[in-house]
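Pasting the structures here.
Below, chain A partners chain B and then partners chain C, in two separate complexes.
The block that comes next holds the complex of A and B.
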């Protein structure tokens, strides 16, 4: 397939030359696999979007007109943008700092601490937020209770109020910093040390080298990570839903969710909420392409690089401290709070050990529904990852080799591969409900509907992670293989795939985690015989008790941790460090 | 000679066993009645053969469990698969009706309007308990009875914070309540009904006075009640007895009042698309019987429209939601009122 990438379409072969019809036909034949891929991906991602937007635009765009007439829309949009940009800033800064801190550690420490910044992603989002509530609720959060107990803070509330805009931005930014860390750290590792060493040899200090060499070379990484994180922040749902409502803070996704709680549901208006986010997504994709330009300008690793850096003691201490504090606050403390509540008869806000009990565990886990949901979650998540990984790699290859494909194809692939990210998960869930409940794909209520939905929403992640890996690899090794006589398939399986193994393993791990935690789509697709853990967790949050939420959260965290460890083992024991 | 006799005896024994087996398995000997036989005994026999009923329910888990347990004491051969949900249930059921997908056999939801709108999709009730059901307590006459009257607007408080408790809705305006009150945030037909109830019974300015108490907002009754139990807030204006009783049983310092309550009706029906019509009919019949009503609503969990059911809440003083008075434009009006009075921080 990749041999066709090297051959220019006949129309470009000689400027000014008008290609003959047989030559055009030969060109089309060589491009047809990419055409098929593009059509297939476009169909897949448009499946949950077109019916939704059709709803918004039906009856003379009634949904959009209702949206513009909605009371308080201005404040909702302001909140959405403020929290989106705020979370982006916090996430990018934190994630980048963490990546540089881990990169600055000695190899021995890095081996054990490299993946600790992604620990917040291992905790399900509903549980993660609830854990933060247990810690930072102004009246009875454990941390606030301890702080007031020191005598430094008075009153019956605070000093931290997790329900305010500021702390929601901090929470969301902390949650998203793990994504940014993965992108930036992977980019740093793939960058190698040659250029930095060359700069240092020529007299540049570490700061100058960082600012003039390292950061510019990481521009594609920052742009990709920034776009992903901004879209996630704008479509953020769980944080604002659980933390924002108490003080009356609304964002687009929570207002949309409220609409879906009515019967009859105003589907037109609910779908219209997705329209601005789709527009933002398309604009971001266009801006991203303009900012990066030709991705091949950002050369990846050329000659073999041996990391011979010897970090100083102060650097090591500061790096380890920063990473340690982040992991403590973002992952360990919420987990401890969840564990404590899972052992409590109910959430009392008191750190009393006398009433602790294990009875919540058998009560919750003996439920056949929970056991079934564990099996279903694992099955559909693994299947979806196995399907979407090669699909993402094909899309990434198409985007990377855009100058060798017919011009519209890479653009369509790029846009289509990013579209599912722009839509709030709950809206995508409704879209799939429409699409899969009727002909021709009448698979609502089956595991296949989950697999199809999961594959679609994971396309952006599968593509971006693998594209970042391919970009960092650069074309030198690929071209060297081709020049040495290696065919496209041989080059792919013997050069690209082995070099991408750690990136593939990382993306498999991340996607498995995301799918185990996926909630918006799952909530609408579940049926009496097919349910997943994330929805079971939400059932407990909405209609059960916090201790039961905590039990399921602990179990889900253990499952995802095992999945991440398995993927890392497959990718190599130093998957995050090695190329 | 002996061998020949033994062989003959063996064949005779085998032949007799075969005859007896054929007699036992043949028609008319313990077989399931044909579907044309609509006598209640035949329905029950077919229900046992069908062996399972899938029930989508909006009722709290405790109440679901009580009903299933009581049902299985009478019908041990019919398994009940409960899917508990909330506002997403009608969407799922509608999708199942459209696609014919396997799913709900019996659907219980906090609405009367859905059943009126989907009358043609419901199986008519033809059972002993159905014949005795009050004539004016149907969401869709003859198909969807109102099977519970669930308190929604009621006061629940933390007894450690407010040992003196609350008697009336006016008590929520006390100065010591400021900053400690929790309210539901979602303005759907149910919540719009609650605001309308409070405005009608407590006066036009009541909601604005409530807003001066700096209330905190929660997306569900369960989270609101848990917040009251934890002390995050200390009093709430919306709850269900089920959520409160569950926490009380674990030692939470909660108390509540069922005076001057606003309630919502739970309606139930068998869906025509069901693959197990007899099991579904038997389940609904049990739910409509006094036994079923006591299981679902007894011990103070909710009210029953059937007179004389032990342990249920007195519904005579309750204000019950009339959905027909809250179409989408009225809900939008209350949504705008809510945001105007309680604000959306920008």
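The block that comes next holds the complex of A and C.
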């Protein structure tokens, strides 16, 4: 009981009270680990952004000047905005409708169907786009073939052309609807049923209670989801890259990627393509905070109440039908198309069962390049997860114990740990390409560059998941250990770790899935000798080897399914919400 | 829990010797604590000075937000005061001037949390053993301290269960056992009974009292429940806005609330404002109250009365009940209870409450009534809240 530990730094001291200088010095010593952690995290997340943007602004903003003088820039910006806003609209409407449909189902049905709208997110994004190509390609798309077979449509192609901006918007909107669904559905669940029931017993019909009570209370959810989805839609890369190039539809991220294919790479110009996206991200984050305003007004207290609603048969039927159609079109049909092409000698657009063969599987999986990419994918993903889990736990502990840290540290940690979420993956990838190609790191072309990139983009997820686990356990659980004589190490290993074990395991599985899916950063970091599965799939697609593409997509989906099963085993069916 | 049975299982239940009782176990000096809310500094504790004698159970009593839990957290080490010092068993654990702050795991304290904070992944026995392991008390562990302390709280048979398998009352007792296991120099209890139902609360309150008497631990107990405070405390400290408003033995604080705030908090809900003339005679609502006066300077004074001490009789009743009677009241509500009925009376613009034994008064809502004020069972306060010590009620 004789140890002396430093007094709180003066930031929190009462006015007029000052700690002595030796006390301050001892305080700084105690805060050092946290200062180092904050600096390390900030360095990691700024590594792909600051040097690159420095390049765009150097030499009298040479990059930006080149950008503004670029022919065709207007069309690229127009496409980016049009596709971003269009996908936002489709995603928000569809996701909200899905959330209300699932919420309107009887509890028994909801238990089994609540996770189904998330399925498009479970399919790797590259595989998902290719699945859509197999379905809706104007010439060979299975759906187009079937539609032309009805006799209602003439000609040798169409009626749907997945390569046009309208269908790119629809595709991206469908993909983003799953995100919106997650936000709105959890918002509805947190809100509980009491507010709506109170409106009903006060004379409001179902429409009035929806418009005057439920929707206004969900405003923060809509604002938050809207901002996140708009950022994702403006920074979309996989969809426009695979679908847009045939019709010459470029967006900012794809043009940036195309610049990296030139030699030598015009880093200044490519960096300048990222500048507007970063500006929009910052503006959206600020606007999001302003628009939500006083969050306390929207905090629902009804989550603990028993759901006493009894949905009618018509409501149930309509809800199940809408959700069913969405899942069929967005997840099941693309998967079936992939499976069918993987079993076909080639992709012809004809649904002929007679020529089905398993030969594509051994052919593809025996290819050394594919085997290498599978090994690399698994290795770098596992390594990144192993590194980011403790890092995320430390950040989460720092944020949770914000009152014990120097005032600026938790805020910086919080902002830094969320930053990679707001920046398009392709831009982060390009930033890493730039930062890792030159001194002092010079690790471009190695697996280490993937690990570094993956760790950075997973920091927000690792932090959020583990912070949520810590918050759910409550600080008293940890305080009880400290009061019982447990120091930080004992408290961590005996209390925090055992109690968070399932949460951590579930997070690890989800992050593994996200990394296996990862495409934007991977495409920019790949090299002739180091490649990962998602990029190998893209390479095969570029080369026109569609059955091989389908086989890789099915393999990726199988790995994903195993990861998701592990996540659900540890974290229950709600683990999928962490996607 | 019978006292005799407990005495049999206690290891060294030395009752605290009389001279030991006076030894100071905890000393707080000039404790200050505040928070910043946006750019504003919000004080939570303001210059708190306090001593707790060995073997004493001090109850911190006050409404939500008065600073009692913050004070408790400063004592245990979960909060760092902005200024001041804390001594525990003669060891300085906080001295902001010297930059001394001993973290909770190195203070000789135990704590019972409001929601018990039992670790769900450990059995009851492992929960209770935890502080002994963490504090490296191998001897106590080998000597069967865990089972011993579980027996003390009547939970010996639950040793192999997990906390989620226990009832609220059992969890509370296990939490107490965990805190008591290492025989801490100071036991802190943060509203430990507030999550229990009323009957269990009364039962556990009695058990806590017996435990304290038999074990003689030094404790600080936080509550907002005056009954709990009066039942358990060897002293109570009523807190208001980060300061101790009054501290003393429970009976004395209850019988002689030093300020109007304490009187109000300890149940004297009825406030009657009297205006005193230069000659010391009291007026209520502009009318003189016969025979009632205050031997103090002219001005406005507040009289505080507990509902069970407020007299009530039908208008015009000529009995010789003691007190000064204020006419013109009207009964606006009656809330029946098992022993007494709560009568709500409108008197001018005041709403007063009188608890009357069920067999004493037969009245109906709307009846005209008179309200009786007994100076011996009420307190008079100046506008600044200080009690008028000379209040006897009668005009000299």
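Definition applied: the second predicted complex is superposed on the first by the 376 of 579 C-alpha atoms of A that agree within 3 Å, B and C clash if a C-alpha of one lies under 4 Å from a C-alpha of the other, contacts with A are read in each partner's own complex, and residues count from 1 in each chain.
Rule of thumb we're sticking to: contacts are C-beta pairs under 8 Å (C-beta built on N, C-alpha and C of every residue); 3 or more make two chains touch, one makes a residue touch a chain.
All values derive from a computational prediction rather than experimental measurement.
**Q** Who touches more of chain A, chain B or chain C?
**A** B
**Q** Look at A:494 in the shared chain and tell me whether it touches chain B only, chain C only, both, or neither; answer first, second, both or neither.
**A** Once the two structures are laid over each other on A, A:494 reaches chain C alone.
**Q** Report for A:151: first if it touches chain B alone, second if chain C alone, otherwise both or neither.
**A** Touch status of A:151: no partner.
**Q** Touch test for A:486: chain B only (first), chain C only (second), both, or neither?
**A** second
**Q** Considering only touches as defined above, state whether A:524 meets chain B (first), chain C (second), both or neither.
**A** A:524: touches chain B, not chain C.
**Q** What is the contact status of A:543 with respect to chain B (first) and chain C (second): first, second, both, or neither?
**A** After superposing on A, A:543 lies in contact with chain B but is clear of chain C.
**Q** Considering only the touch criterion stated at the top, classify A:345 as touching first (chain B), second (chain C), both, or neither.
**A** first
**Q** Considering only the touch criterion stated at the top, classify A:247 as touching first (chain B), second (chain C), both, or neither.
**A** In the superposition, A:247 touches chain B alone.
**Q** Do chain B and chain C touch any of the same residues on chain A, and if so, which?
**A** none
**Q** Looking at the complex, which residues from chain C come into contact with chain A?
**A** 32-36, 41, 43, 76-78, 80, 82-83, 88, 91, 93, 96-111, 113-115, 117-121, 130-131, 134-135, 178-179, 182, 188
**Q** How about chain A: which of its residues touch chain C in the complex?
**A** Its residues touching chain C are 1-8, 11-15, 17, 19-20, 22-23, 26-27, 474, 476-477, 479-487, 490-491, 494-495, 498-499.
**Q** Touching residues of chain A toward chain B in the complex: what are they?
**A** These residues of chain A touch chain B: 71-72, 74-76, 78-79, 137, 139-140, 157, 163, 165, 241-242, 245-250, 258, 260-266, 345-349, 355, 430, 433, 437-438, 442, 444-445, 523-524, 527-529, 539, 541-546.
**Q** Enumerate the contact residues on chain B facing chain A in the complex.
**A** Per the touch definition, chain B meets chain A at residues 54, 56, 60-61, 81, 83-88, 90-92, 95-96, 98-99, 101-104, 111, 113-114, 117, 179, 185-189, 216-220, 222-223, 226, 229-233, 246-247, 250-252, 328, 331, 335-336, 339-340, 342-346.
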